[in-house]
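Two complexes follow with subunit A in common, the first pairing it with subunit B and the second with subunit C.
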Partner chain A sequence: MNATTIGFIAVGVVLFVDFALLLGLVALKTVHRRRAERHRLRRARYVATLSRHLASSTHIEPIDGGAADDDAFLDAVIDLRNVVTGHDVETLTGIVDSLGLARIQEARLRSRFPLGRRLRAAVSMAEIGDESTARVLIEYLSDPEPEIRIQCARGLGRMQHTAAIDAILERFGLEEPWVRARFADTLVGFGAKATWPLVAYIRVNLSHDENESVIEAIRVLGTIGDREVGPTLSGVLRVASDPEVQLATIEALGAVGGPLAIPPLKHTFRSADWRLRAKSAASLGHIGDPSINLVLSSGLVDSNWWVRRNSAAALASLPGGSGLLLDTLESEDPFARDAATEALADCGALAAAREREDAGVATADDRRLLDHVGAEETVLA
Partner chain B sequence: MIYDILSWAGYATLVYFIVMQAYMIGLGLRSAAVMRRVHHLDRFGRVSEMLSSQTSPPVSIVIPAYNEATGIVDSVRSMSIVGYPRFEIVITNDGSSDETMKALIEAFHLERVRIPYRPDIPTAPVRGIYRGHGAVDITVIDKENGGRADALNAGINAARYPYALCTDADVILDANCLVGAMRRVVEDRQRTIAVGGNIRPLNGSRVELGHLIKAGVPKKLVPRMQVLEYLRTFLASRPAWSRMEALPLVSGAFGVWKRSAVIAVGGFSSGHMGEDMDLTMRLHRHHIDNDIPYRIVYEPSAVIWTEVPETLRVLKRQRIRWHRGLMTAVRDFMPMTFNPRYGKVGMVTWAAMFLFEYLAPIIEFVGWITIPTALLLGALNTTSLVLLLALAFGIGLLNSLLALLLDESYGYFNSRADTIRLIVMALIENFGMRQITVVWRIRALIGGKGTRAWGNMERKGVANLGAGT
Partner chain C sequence: MSETKRILVCDDSETVTTVLVTALELEGYEVATAVNGIEAYEMGATGNYDLVILDQLMPGLLGLEIIDRWHHEGHDIRTIMLSGVDDERTVVSSLESGAVDFVRKPFRLPELLARIRQRLNA
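Take a look at the complex of A and B:
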């Protein structure tokens, strides 16, 4: 075979592939368009039928047995499941059970279907599943596909199946960050029920070298905001040597709040590490106890810029803090002055000063603030 | 002797073109595998759960604005409803000579404030800082003119959050673009320093009040050619590069950057015509040289829409500017090219940028001269030449069709008219359009007057784009 023949064959093959792709593209677009239109129509019909069932207990319009296998029916059920309440939920659940919808989705989840179909089954079970499907969802928390694990956890969270908390926490340390973040969302959804399992998880895993899952667990505790975990978090702060764990704990203490959270935060506010000082300032501001005004005012002259900024912002949120910030306008440090001004603007003191000036009743402090804001001297680049 | 040289040069040019297209197809096939997964996750993965998550990292949207008075307010309004739990908008007015600043102050009731602006990256002097306290936090940095890179740097300096989405004032963000991009950050918060997004031409689409109502393919050939180009680039190349974690470019129109990483390398380079490529490559170099684990990735589901040039005159200016940016980057990062120390970036993606982007116009231009000359002198076999040209056309078409197939997972272009327009474009772009862009890139290589200025884009503006554009 000479080069010209090879050339002809190569051109022929490439042009044939081009033609096949072209046909494939046209066919795919046509099929997609028609399938989407048909899906929309069927979904609308199912929504109408299901709505009639919900509207009248005597209305017995049979639902086609094949509907349970139809994705459009599934979408219609999910649409309605997200809007109905009370007795209608029970009616809808009854229809779903009678058609064996959950069993079909379970079979799909267990099958060797491609990712798309299994993922759809997991999403459906998360949306329409009840206590009877919890066992399957817990089992599939260890599925090799991350998104399926996420959907299973979401479903368990939606049905508030508390037995799943331990199962989720068992996977917590093994998961990749994306899945762990979604598991964290699920745990937050459990609220106070997840508090003590999380505390136990932190206590057991804190000494390990890998602290990422502990950090996430601490963040979850902070977001749940149960004050009873204050002493636990203080204990973590005492023993933790990893700054990332300390930072997460400081943030969680700020979110949890309460008088028990203040002493450990005051301590970390004097830390040698500026990150801990800055985070402590923000957390003390969240707690909002005016007894710490003087502590925070020492942060306005801190050697680190972020500590000064966070201290100013924290003071702005505390009763009596504005006075200390106004005093800072006389500071020699231009960044401290600007941090104080920013905090006063954010808390509405600047807008109030402007209003009083417009009304002709501005105080000396108002003028001090407005003069500083209007000053042309620049500390900028 | 001269016959042999001409003959070989002619064949070499065509073989080079075929190898380049084959590389593109290889990338396309790899991208197809990545896109298939992305498609499933988009459909059923419920990425939007991040919207209600209280642990999603906050983001600063940084927008440089220069003489954008007509469209800036609509753009900012459309951006302010992007779906994400916590974000702020930082606009840098880069010394506009029109009423950009006035439009912003009036529309968002901005007040001049003094905030502790810290120039982590040096910029042109800042004249003032304004802030609005509406539903979304808006900060405006009013500074003296210093160019796009300088404006972005000022915005990054003022940003309060650890990640900055750097974009343009004339784009439309898809509602889920930020969630899509930040998902990649959450996947690996420690290592992810940049995420690129999927940029799509807005021309031909229906836009109302700064929002995309219906995507469409433009009737005019110039923007339609760019639709195909963007599809090839963003669907058939970047997913594969991203999979290798060797993305050589995070496009300036949409890039989420880790603020601390950008500051560590000194921010965007002022005056650089390809500041996005320059920053991406400097980040690669900095992290590899210092053995810092990192990754720069691309997220196809993070979609934004931008207006592309409608006339050859404006397109010419844009392409000359892009190629000059590439030339500067090739010069600056030459030690990384084919350097195994830089792993897949040095040996694969940046090497390919050098071979198939930087050298392409030179080699193609040489081909234009040698092939006809060789044919006239009888140094080239006509049959072989026709076969090679047919092969080159066939592979080029294959590459475009592959991109169109990948785009089907989005379903943006559904009408018959749009499908026909795109297929016709894929068939005809090799006859004239492609050659024009080569001439422009050669012009950029030669340099001289007219190739060093940015020039005006002459946009209609997001607010003024209508159906059938």
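Take a look at the complex of A and C:
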């Protein structure tokens, strides 16, 4: 056999294999498409059947006994729970209970494989689970598979199972950052009920070296926004030496707000660390109490640009703050003037002044601002 | 004998349309569906329906835009707006545009059916 013949045979084999693979791929796609279509049709039929149950309290059409094992039925239940509310959800829960759907999903979750089936079971239990399935979801918060842990936490959050907060927090420091972030979302969903468990977690775990989970917990407290935690966060600021913890706490104090949050922020606004001063300015602005206007105006002459910028932006958002910014336009400090001008432009004061001037109704303050901007533009030109 | 009332259900969610079509047919209404804004606008403009249930967020045209178009073209179509966006502005805009009612998603099915009956009998 010469080389040309061998070459032809090799090309033929390659083409044959390619063709066979292509055929296999087409067959697989066709099978998958048909399965998906059958699934869609079954789901639509289940939605229709369940809808008849919801529409009429006297409707007694039985639901196929095999439905509980059918993923299409599960999808139909989950979809419907997102569409209806009130008594309709209770009716759906009754149907789910009568078919033992949760028990089937629990058995799937407890099986060792396949992973996709276990994951689907976790998602389903997160969607349709109730107090009776909370125990299983808590148990699987320590599953080796992160996505299953996340779904279990989500389910516990959805059913507002308060007893799960401590269980979720127990995992907080052990999780990878991306899983912890999802747990944090769940904790936020618990609202004020999670406040004190979070406070306890922060107190116990605040250390001098590894604070990632504590920082996340502080952020959760800020997002929940329960003003009761003001003194706790002040305490954290007093003892924490990690700047990241301090920054997260300052931000959380700004989000929580209230009069108790102001004194610690005024203190950190005088910190030697410019990052803390800049963050404090932003948080003070967020709280929105005009009593701190004078404190913030001192930030306009800070040595750091971020502190000047954040102080000016905070003042622009506070009642009476614009007046202080306008006064700063007369300052001898060019950096303070820049910060004030930028903040007045960003908050729309400059555009409003221009509009009033065009309309012939400009005030004395408008003219001060426009004259200053005009002079600056002349210098730049 | 009274004529069967015709209702047009416009929503891009297959689940929502299935729920409404099933429930409304059970009540004895004749029901048609539209799954996007353009289809909803065109079917509604035929004037063949006694009531239109219209989702606010649909591909093609928003519910409010559809009502506005019908209004400008002189169509008098009784519409119940259905929306997951329940901010005050959307509710007010819907009612000011001419919708006869506004129902938030997720909805209570018996309540929605009662509103539909009430609007059809008004």
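Quick notes on this one:
Here, the second predicted complex is superposed on the first by the 326 of 381 C-alpha atoms of A that agree within 3 Å, B and C clash if a C-alpha of one lies under 4 Å from a C-alpha of the other, contacts with A are read in each partner's own complex, and residues count from 1 in each chain.
In the analysis below, a residue touches a chain if its C-beta (ideal position, glycine included) is under 8 Å from a C-beta of that chain, and two chains touch if they have at least 3 such contacts.
This one's a predicted model, so the numbers in the text were calculated from it and none came from an experiment.
Once the two complexes are overlaid on the shared chain, A:Val83 sits against subunit C while remaining clear of subunit B.
Of the two partner chains, subunit B is the only one that A:Asp18 touches; subunit C does not reach it. Which of subunit B and subunit C touches more residues of subunit A is settled by the count: it is B. When the shared chain is aligned, subunit B comes close enough to touch A:Arg309, but subunit C does not.
Residue contacts after overlaying the shared chain place A:Pro177 against subunit B, while subunit C stays out of touching range.
Judged by the touch definition given at the top, the superposed model places A:Leu54 against subunit C, while subunit B stays out of reach.
When the shared chain is aligned, no partner comes close enough to touch A:Leu41: not subunit B, not subunit C. Shared interface residues of subunit A, touching subunit B in one complex and subunit C in the other, do not exist. Listing the residues of subunit C that touch subunit A in their complex gives 13-16, 18-19, 22-23, 26-27, 105-111, 113. Contact residues of subunit A toward subunit C in the complex are 44, 47-48, 51-52, 54-56, 76, 79-80, 82-88.
Within the complex formed with subunit B, the subunit A residues making contact are 3-4, 7-8, 10-11, 14-15, 17-18, 21-22, 24-26, 28-29, 32-33, 36, 115-116, 119-120, 122-123, 147, 150-151, 154, 176-178, 181-182, 184-185, 188, 216, 219-220, 223, 305, 308-309, 335-339, 341-342, 345-346, 350-351, 354, 372-375, 378-381.
In the complex of the two chains, the subunit B residues touching subunit A come out as 37, 39-41, 43-46, 49, 52-56, 111-119, 122-126, 129, 131, 133, 154, 157, 183, 186-189, 383-384, 387-388, 390-391, 394-395, 397-398, 401-402, 404-405, 408, 411, 414, 419, 423.
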